[in-house]
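Got some structures for you, see below.
Common to both upcoming complexes is subunit A, partnered first by subunit B, then by subunit C.
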Partner chain A sequence: MLDYVDGSSLAGPMRELFAVDVTAVEGRCAGCGLAGPLANLRVYGHDHGPGVVGRCPGCDEVILRLVRTPTDAWLDLRGAVSLRFSM
Partner chain B sequence: MSPGFSGRRQPAGPKLPPGQYLTQDFPVLSAGPTPRVPLDTWEFTVITETGERHTWSWAELTALPAEDVTVDIHCVTKWSKLQTHWRGVPIATLLDDVETAADFALAHSYGGYTTNVPLDDLLDGQAWIAYEFEGEPLAPEHGGPARLLVPHLYFWKSAKWVRGLQLLLEDEPGFWETAGYHDYGDPWREQRYQGD
Partner chain C sequence: MARAAVSRRLTWRAATLQEVRAETGSAHTLVFEVPGWAGHLPGQHVDVRLTAEDGYSTERSYSIASAFSDRDDLVELTVQRIPDGEVSPYLVDVLQPGMRVELRGPVGGWFVWRPADTAPVLLVAGGSGVVPLMAMIRARAEAAVRVPFRLVYSTRTPEDVLYADELRRRALEDRGLDVTVVYTRRVPDGHGRPPGRLTAADLAEWGWPPDFEPSVFVCGPTGFVEAAADLLTDAGHEPQRIKTERFGGTDA
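The block that comes next holds the complex of A and B.
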């Protein structure tokens, strides 16, 4: 059984923060340099964890973390070199 | 007057921290792939603030005097599980011969997870390196071969797959503590998030 789901599951929680569909945004991994749409991430903690953790499909490093508290959203993107938005 | 309610009693249940509900299962929460650590390469290392290292192999850890403890555990995602049985080595035993002036500890896990706990909260019968749960070896999905057990704090502090403690003079927030979660995490004061 897989313990993660694919990055398309980020669409819902990220829609609160961004006006674009982030799953099509291209991210580059700070760990191994792999680039690809966020939809390709491996997403852990999606069902009832403390937060959502998106990991690189190439090296398993954390690229994105999103924690939703009752009053705030915390977004950590330190594992991403860049996010490329197609305009 | 609302006679319909007059005969109703509060269910006589155990007292839970605020906002928690009781569960009989043991939910598995993950932030990454489950590490599989073979016992013949497993190590636990304490690194002091001066860089001094103390390392135990699996055989050395399990040869130390262990304790059987029965504790309630409280997850920040709001489930609580009562009267859970664990076996493990008290952190105080591991720190017996460790020379340190540290006030803080950062637990490190196989797989990269970290969490911070004040050193005082790991001593005096409050924390263990646990390797058995309900009489069985601790399963990988619950943090086996060994996890930190600090039951008086929210369960994210009880790092699964623990591989060491870094002793520090200054507090250093860990994985969830750098993403909005409370630095200390006392369930009885409902310290879930920063600012609680």
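The block that comes next holds the complex of A and C.
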């Protein structure tokens, strides 16, 4: 089994893209409907490869993928119905 | 540039190692000076980036160990050497005062304690998972608040205890702070509890009862965090009040 780390590990890479911290934002899984902070995702690929995959801690579906190239960041939020930001 | 001035995106900045403190045989606290550091909350982390002369670079996340003080621009990280790791042996064995790394942070807004929070706090640490929890204990003292804190710290042997002297001192001097160390492999002489993994009885005796509605922070290796969180929910703590932070089995 591959090792994973917390969604908290996304905080640095995401703060290069967003003006607010998104790890405290509540996401809802398109697979099972579980809602929770992105900090609770299971993140794979943090120690190798060009990007990371964040999976739902409830059903293991892919919530997001974040890939960096030398010039761009690609954020794929395929598995998130919504992100709820506290204002 | 006006655009840069309004950008709130985070970028990498230079940090100079100012001081090193040995904590245990395999863990050092690295004190970095980061000019213009605007502060952090306890529980937040920073990413550290190392770049080789050939341009190869790699980064890792580390919890901040220190409480923010507006009197200086210092950020302390406690790094445990992982023998086969790519980053931690360099930070523990090679980096010397005066040398620089790049830092990005502070980041993370979930696993944080705010001094304005009034709920009692239960901190449950496994091994070097104590680092962000120590930042909370230090921030509590820095803010001079009286919110009751309890730390239950599971570690292998007495030699593995991080911040041992400071924890002993704070347990006596910081009013409202209780510290319990649970040893899993070997206990100090005269210690009543036999060595063993953290149990429901340990948390019942040294933690807070669920009716106190404490904020619970659990940090450690993945297996420890999952076991401790299960013990806490089985004891009746609301899952929403339990915040967890895992570090994987990889180079942390």
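Here, the second predicted complex is superposed on the first by the 85 of 87 C-alpha atoms of A that agree within 3 Å, B and C clash if a C-alpha of one lies under 4 Å from a C-alpha of the other, contacts with A are read in each partner's own complex, and residues count from 1 in each chain.
The criterion applied here is as follows: a contact is a pair of C-beta atoms (placed from the backbone, for glycine too) under 8 Å apart; a residue touches a chain by one contact, two chains touch by 3 or more.
As the structure is a prediction and not an experimental result, all values here were calculated from the model.
K.L.:
Pick one for A:45: touches subunit B only (first), subunit C only (second), both, or neither.
P.N.:
In the superposition, A:45 touches subunit B alone.
K.L.:
Quick one: is A:16 in contact with subunit B, with subunit C, with both, or with neither? Answer first, second, both or neither.
P.N.:
Second partner only, subunit C.
K.L.:
Report for A:3: first if it touches subunit B alone, second if subunit C alone, otherwise both or neither.
P.N.:
After superposition on chain A, A:3 lies in contact with both partners, subunit B and subunit C.
K.L.:
Which of the two partners, first being subunit B and second being subunit C, lies in contact with A:72: first, second, both, or neither?
P.N.:
Only subunit B is touched by A:72; subunit C is not.
K.L.:
Mind working out whether A:57 is in touch with subunit B, subunit C, both or neither, as first, second, both or neither?
P.N.:
So A:57 meets neither subunit B nor subunit C here.
K.L.:
Taking the two structures together, which residues of subunit A meet both subunit B and subunit C?
P.N.:
Of subunit A, residues 3-4 contact subunit B in one complex and subunit C in the other.
K.L.:
Sort out for me which residues of subunit A touch subunit C in the complex.
P.N.:
3-6, 8-9, 11-12, 15-21, 23-24, 37-40, 46-47
K.L.:
Which bits of subunit A are touching subunit B when the two form their complex?
P.N.:
Against subunit B, subunit A makes touches at 3-4, 44-45, 48-51, 53, 55, 60, 62, 65, 67, 69-72, 74, 76.
K.L.:
Taking the complex as given, what residues does subunit C use to touch subunit A?
P.N.:
For this pair, the touching residues of subunit C are 8-11, 45-47, 59, 61, 104-105, 107-111, 222, 244-251.
K.L.:
For the complex, give me every residue of subunit B touching subunit A.
P.N.:
27-34, 76-77, 112, 156, 176, 178-181, 192-193
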